[in-house]
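Multiple structures follow.
Next come two complexes, and both contain chain A; in the first it sits with chain B, in the second with chain C.
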Partner chain A sequence: MKRRTLFAAAICAAGLTLAPAAFAQDVIKIGASAPKTGPLGGGGAMTHWPNIELWVHEINEAGGLQVGDRQMTIELIEYDDQTNPEIAIQNIQRLATIDNVDFIVTPYSTGINIATAPMIAQHGYPHITTSAATDGVAEFAQRWPNSFWMLGTATQLAVGAVEAFSKLRDAGEIGDTVALLYVGDAFGQEHINAAKPLLLEAGFDIVYEASYPFGTQDVAPIIAAAKAAEPDSFMAFSYPGDTFALTEQAQIQGLEVGAFYTGVGTAFPSFRDRFGDAAEGIMGIGGVNLDDPKVADYFDRHEELTGSEPDYWASATTYAGLQVLAQAIEETGSLDRAAVIETIQNGTFDTVIGTIDFVDNVNPNVWTVGQWRDGKFVAVAADGIAVGAEPVVKPAW
Partner chain B sequence: MNSLSQKEIIIGIGGVLAFALAACLPLVDQGYYLSLAVNITLYAALCTAWTLFSGPTHYVSLATAAFFGLGTYAVALWVDVLPFPLLVAFGALAAGALAGIVGAATLRLSGVYFVIFTLGLAELVRQIVTWAQATFTTRMGLYVFTDLREMHIFWMLLALTAVIFLTGWLINRSRLGFAMRIIGDDETVARHVGIDTAKSKIVLFIISGAFIGIAGAICAPRYGYIQPTSAFNPMTSFLVVIMALLGGTRKLWGPIVGVIPFVILMDFITVRFSNYMPVAMGLSFLAIVFLLPNGVTGRLEQAWNKFQSRKSAPSSTETAA
Partner chain C sequence: MTQIIVTGILLSGTYALIALGLTLQYGVARIMNLANGETLVAGCFIAMWLFTTLTINPIVGLLLIAPAAFAANWAVYRVALEPLVKRAKNRGQLEVDSILATFGLLFLFQGMMLLTFGGEYFNYTFLAQRFDIFGSGFGLNRVVAFAAAVVIAVGLYIFLYHTRYGTAMRAVSADPKSANLVAIDVARTAAIAFALGGALTACGGALLSTFYTFNASMGVVFTMKALIIVIMGGVGDVRGAVLAAIILGVAETAVASLIDPSLTLAATYTLFIVVLLFRPQGIFGRPTS
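Then we have the complex of A and B:
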C-alpha cells in the first residue's frame, strides 16, 4: 500500500513537472549577439539593443505571435560580442547548440555580420542584416541564401548624396565646386569610389579632395585646407567621431557652403543636441519620412519604452528587420527555419520603413540622405521610396 | 645529440596522447564547445609562441597583434590567387621578417624601451597597412572566403601548438636555449662569457614572431572580413601577456595552464556579467601581477619545493642525531 501511494505520488509529481514543460513550448527562443562593450558598444546601445527591447516588449505585450494555432511569446537570450568577431562566432555557436534558440537576430556592423554569416548559415537560421551598408551585399546574398540585406549599398547612399547636391545646383542655389573628404577605410573607400565619378558626370568641379586615417582626432588642418579651396559645397564620407569633429571645425573656421554633407553619425539625435540651431540644413547619411504615420508612431513608441529617441538612419531599419522576422514566422505558421527563410525570400512585409519585398535577398528601397530641418532629420533623397522633403540650401552657421 | 631520458620519453608520449585526444574533439561536438576549443587553442599557440621569447629573456613584448595581423593580411591579400598553405608560409615569413627588423633595431636596448616600442609597433604597422591599401588599392576591407570549416581551423591551430612545443623543447636543449637562460639571469654575465646576446635574442624573436604570424594566417578564414582595425587589435597583445603571466613563463607548458582557465572564465563573464567585461579584465590583470608574480606554475613549483624540503628536513636531522 505504502509503495502504491509512493508510486501515485511519483506520477503526480511527474505530471506536475511535465505540465510546465508543455507550456514552455509556447515560447519562441530568440538569440541576440551584438556589442555592448568595445569600439561599437556605443553604436549598439543606440541603434541596436533598444529596438530589440522594443520589439520583444511589444510582441509579448500583445500576447505573442500567432504561430499556426498556437500563441507564442518571445524569450530573449542576449550576449555581448565585445565588438570582437572571435567572441561573436562563439556566441552564435552557443545560441545555436547550447541554448538551442529558434531564431537569431542580426549581429551589429558589416564586419561582424560577415564574420558570423557562415556560422548562421551552417545552422540554417534566417539572417536579416540591418546594419551593413556595403557594395558586397549582392555577392553575400548569393553566397548565403539564408541572409537578407536591408540597409542598402554604399553606391545607393553615394548616388543619393550626389542627387541631393545636383538638385540644389540645378536650382541655382549652389555653384559647381565641391570639397570631398573621406575616412581611409572600407566604408570611405567604397563611398568615394561610387561618388567621385558621379560628381564629375554631374558636372561638379572637385576643388579639394583628401582622405584621413580612421580615428583621426585633429581635423582642423583638413578643414582649413578645404576652406582655402573656397568650395560651394562640402561632402565628407565620415564616421561618427570625425563627423562631429569635421562639423565643429567647419563651424569654428566659418566654412560657409550651401550644401554641407557628413557621413555616419549625422543622423544621431546627439548630433542635433550638440550643434543646436547650427545643425539646421546639414545633410548626412540616412533620414526618415516622418510624414508617414507609421514612422512617426514608431518614433513615439521607441522614445516611450526605451527613454531615448532612435537615430534617424539604421534604427528604423533594425526595427523593420525584426518586423520581417516576426511576420515571416506568423505567415509560415511554424518555427521551421528553412520554411521561414523561404517565406522571407518570396513574401512582402509591411514595416515601419514601408513595404519590404526582397529582390534576390536584398531590400532595394532605402532612404539615402537626410537633412536636419527644425530638429528632425528628414529624408531628402531615397531610392524606390518616398522622401519627406526636397533638399534646401544650408543657412550660414 | 643527447639521448632522451626516461622522464622525457614519458612526457613525450603523454603529450602526443593529449594532442591526439584533443584532435578528436570535432568528432564529438561541432557546436559551441568546438568554438570555445578554437579560442583556447588559438591563445595556447599565441601564448606559447610569446613565451618562447619572453619567457627566458624577460622582455615583455606587446607586438603580438602586429605579427598576428601581418599573418592575417598575408592570407587576405592573396587568398583568391594562391593556395592557402603557401599563404600561411607567407604569413610566417612576413611576421618573421618584421620581428627581425624590429629586433635588430630594439633588442640592443634594455627592457622598458622594448616594451614601449612593441606597443607602438602594432599601431605603426596598422597605419602603414591602411595607408598602403588606401593608396594602392581601391578597396579597404578584404574578404576571405574559403571552404575551411571551424574544425579544420581547430586542427591547424592544434598542429601549430604542437610544433611550437616541439620547437621550444628543441631550443631548450640547444646552445641557443642555454644562452637564453644565461641572458635571462644576467645579461652582463652572458656578454662577458662571450655570448652574442643581441644575435641570440633576435633569432628567438624571429622564431616567436613567425609562429604568431602563422596563427594569424590560420585565423583569417574564420574572420571572413579583414580590416586593419580588427586584424591589428591591440587587445590580442594584452590578452596574450595576461594569460601567459597567469600560467607562468618559466616552463614551456606554463602558459597553457593560464590559457585554459582564462578563456573559460572570460566566456563565463561574457555570459553572466557582459557589461563588466573591461573591469573584470583589469581586475584579473592586477590580481595576477600581485598574487601570482610567477604564475600558477611558479606557485606550484614553490609549493613543491617547500614540500620537498620539509620532507628532507626531518630525515637530515635524524641522520645528524
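Then we have the complex of A and C:
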C-alpha cells in the first residue's frame, strides 16, 4: 500500500513537472538581474525596475508578442545583484543555465553592464544596454557584437554640457569663469577628462576644480571653496546623494551663478520636489522632449502603472531598449537569439525616444542636457535629435 | 578659518549622532551591532514618514521615535541577542556571535525597509535655510542637529557619570562579573543599554534625515563611520566618542578646504591608524588585560 501511494505520488509529481513544459512554448521566459539593494539600489528602483514592470505588463495585457504564428506572453524571472558585479555574473549564469531563459534584459549601470557583458555574450543573448554612459561603448560594441549601447557616451554628455554653457556665455548671459567638480570614481573621471579640454577650448576659465570621494554628502567646505573662487557658472559630475547635497549647500551658502549643472539625480522628479521653485533653471545630465507626444504618453503610462513619475534621463531609454527587444523578436519571428541579434543590428525600431537605428551597435542619437523649467526637465542639448528648448540663464536662488 | 572650524564642528555633531548609540551597545551591552546603520536609516524613514504624511516636525517626532526605538531594540535584545549572551563563555565568543547575529539582522532590517519604502532615494525639505554664524551661511537643519547632538551627549554624560543607574551601567561596561557581585542586575542593565543605544541611533537618523539623501540600503555607510569613531574614542566611553567625532569632523573639513576634498577619506583613515598605533585601546579606552 505504502509503496503504491509513493508510486502514485511520483507519477503526480512527474505530471506536475511535465505539465508546464507542454505549455512552455507559449511563454517567453525573460531574465532580469539588476540592483534592488546596495549603493545602486536607489537608482535601480527609480530608473530600471519600474520600466521592466511596465513593459511586461503592457505586452501581457495586449496578449503577448506575435512570434511567427504564435502569440507568446512574457514570464519574468528577476534577481537582485546587490550592486555586486560578482553576484550579477552569477545571476546571468543562473538565468542562462538553470532558468534557461529565452532572453535577458540589460543589467543596470555602466560598471555592471561591462562586468556581465562577457557572460551574456558567452551564452549568445542580445544585450541591449540602456544605463551605461561611457566612452568605451564603441570598443565594447566591437568586442561583444551581441551588445548594443543606447545611452550615449561620456563625451557626448560632456559636449552637451559645454555647448549649453557656451550658448549662455555667447549670448552674454554668463561670464567665462567656471567651477568644476567631480566624484572621484570612473564616472566622474571620464566626464571630467572629456569636459575639461572642451571648456578650455571654448574659452572658459576654470577657477576652481576638485574631486571628492564617492558617497560624500558633507559638501559644505567644497561649496565654500567654490564660492570663494567667485565663478560665473558651476558644473559638477555628481551622483544622486551628492547632487542633492551640492545643490542644497549652494542654495544655503548663496552661490549665485548663471549656469548651475549637476550630474546623475538632477533628472529625478524627487529633485524638483525637494527644491521646488529653486530647481528652476538648474541643468543636469539627461532631459527629454515632452513636446513629443510619444514621450508624453510614456510618462503618463509609467505614472499610471507604477505610481511614480519616471526620471527624466535613462528611464525613457530603458523602456526604449525593451521596446527594441520586443520588436526585434517579433520581426525575427522566432526565439533564435543569433537571428534576433542580427535583426537588432540591421533593423530600425520605433521607440519612445524616437527611431533607433544602431550604427555599429551604438545608438548615436541622445539627449544630453536637461534643464528644470516649470516642473519639467526639458532637453536643452542633444546629439542627433531635437531638443525641447534652448538653455536659459538660471534665476537667483 | 572660522568657517572651516564651524563647518567642522557642525559635521562632528552629525558624526556624534551616528556613533553615540553604538558606543553604548558595544561598550555596555557588549554587542558589536552591525545593524547599527540600519537602525539609523529606519530613524530617517520614520522621521520622513511622520513629516510627509502627518506633518509632524522631525524634532517633535523624536518624542515618538525615541520610545518606539527603545522598545524595538529592547525586544531585539531579549529575543535575538540575550540567548547569545547567556551561552557565551567569554567576551571574545560573545563578540563573534553578536557580529554574526547582527550581520543577519542587518539584512532583515534592510529587507523590511525595502519592502515598505522601496529602494529609491529619499529626502525632504526641513529647515533647509540659511543660518548665519560669524557672517557665513550654514544649513539651519545641520545647526539644529548639532544642538541636539550636544543635548544628547551632555544628557548621556550626566546620566552615566552622575546618576546611580548610570554608574551601574559603567560598572557593567568595566567588568560584568564584578558588577554582578555588587548586586547589579547585569542582564537587565545590558538590555537597557542596548535599547538606549538603539533609541539614540534612531534619533540620530531622524535628525540626519533633514539634510541627507538616504535609501534603504545605505546603512552600512553609517555603520562604518560609527565603528571608526567608537574604536577611535575607546570602546564604551561617551567622552571618547565625542572627542573622536570632533577630531574627524574638523580634520575632514580642514583637509577638504585647505588641501583637496578628494583626501577626506584618506585623512579619516590616517587618523584612525595613528590612534590605533599609539593608543590601540582608543583615546579614552582602558588597556585590556
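Just a few scattered comments:
Going forward, the second predicted complex is superposed on the first by the 374 of 397 C-alpha atoms of A that agree within 3 Å, B and C clash if a C-alpha of one lies under 4 Å from a C-alpha of the other, contacts with A are read in each partner's own complex, and residues count from 1 in each chain.
Quick note on the criterion: contacts are C-beta pairs under 8 Å (C-beta built on N, C-alpha and C of every residue); 3 or more make two chains touch, one makes a residue touch a chain.
No experiment lies behind these values; they were computed from the predicted model shown.
With the two structures aligned on chain A, chain B clashes with chain C.
Of the two partner chains placed around the shared chain by superposition, chain B and chain C are both touched by A:36. With both structures placed on the common chain, the touch criterion links A:320 to neither chain B nor chain C. In the superposed model, A:248 lies in contact with chain C only, and not with chain B. In the overlay built on the shared chain, the residue A:380 is in contact with neither chain B nor chain C. In the superposition on chain A, A:224 makes contact with chain C only, not with chain B. When the two complexes are overlaid on their common chain A, residue A:111 makes contact with chain B while staying clear of chain C. Of the two partner chains placed by the overlay, only chain B lies in contact with A:90; chain C stays clear of it.
Once the two structures sit on top of each other via chain A, chain B runs into chain C at 99-107, and not at any other stretch of 27-35, 99-107 or 117-125. Chain A uses residues 36-37, 39, 184, 211, 213 to touch chain B in one structure and chain C in the other. Listing the residues of chain B that touch chain A in their complex gives 29-32, 34-36, 39, 42, 127, 130-131, 134, 138-141, 143, 145, 149-150, 222-225, 227-230, 233, 235, 267, 270-271, 274-275, 277-278.
Interface residues of chain A facing chain B in the complex, by the touch rule stated above, are 36-37, 39, 79-80, 82, 84-87, 89-91, 93-94, 96-98, 110-111, 114-115, 117-119, 122, 134, 136, 143, 184-190, 193, 211, 213-214. Residues 3-4, 7, 10-11, 14, 110, 114, 118-125, 128-130, 136-139, 142, 211-213, 215-218, 221, 252-253, 256-257, 260-262, 264-265 of chain C are the ones that touch chain A when the two sit in their complex. The touching residues of chain A, counted against chain C in their complex, run 35-39, 41-46, 83, 184, 210-213, 215-222, 224-225, 240-241, 244-245, 248-249, 251-254, 265, 268, 270, 274-276.
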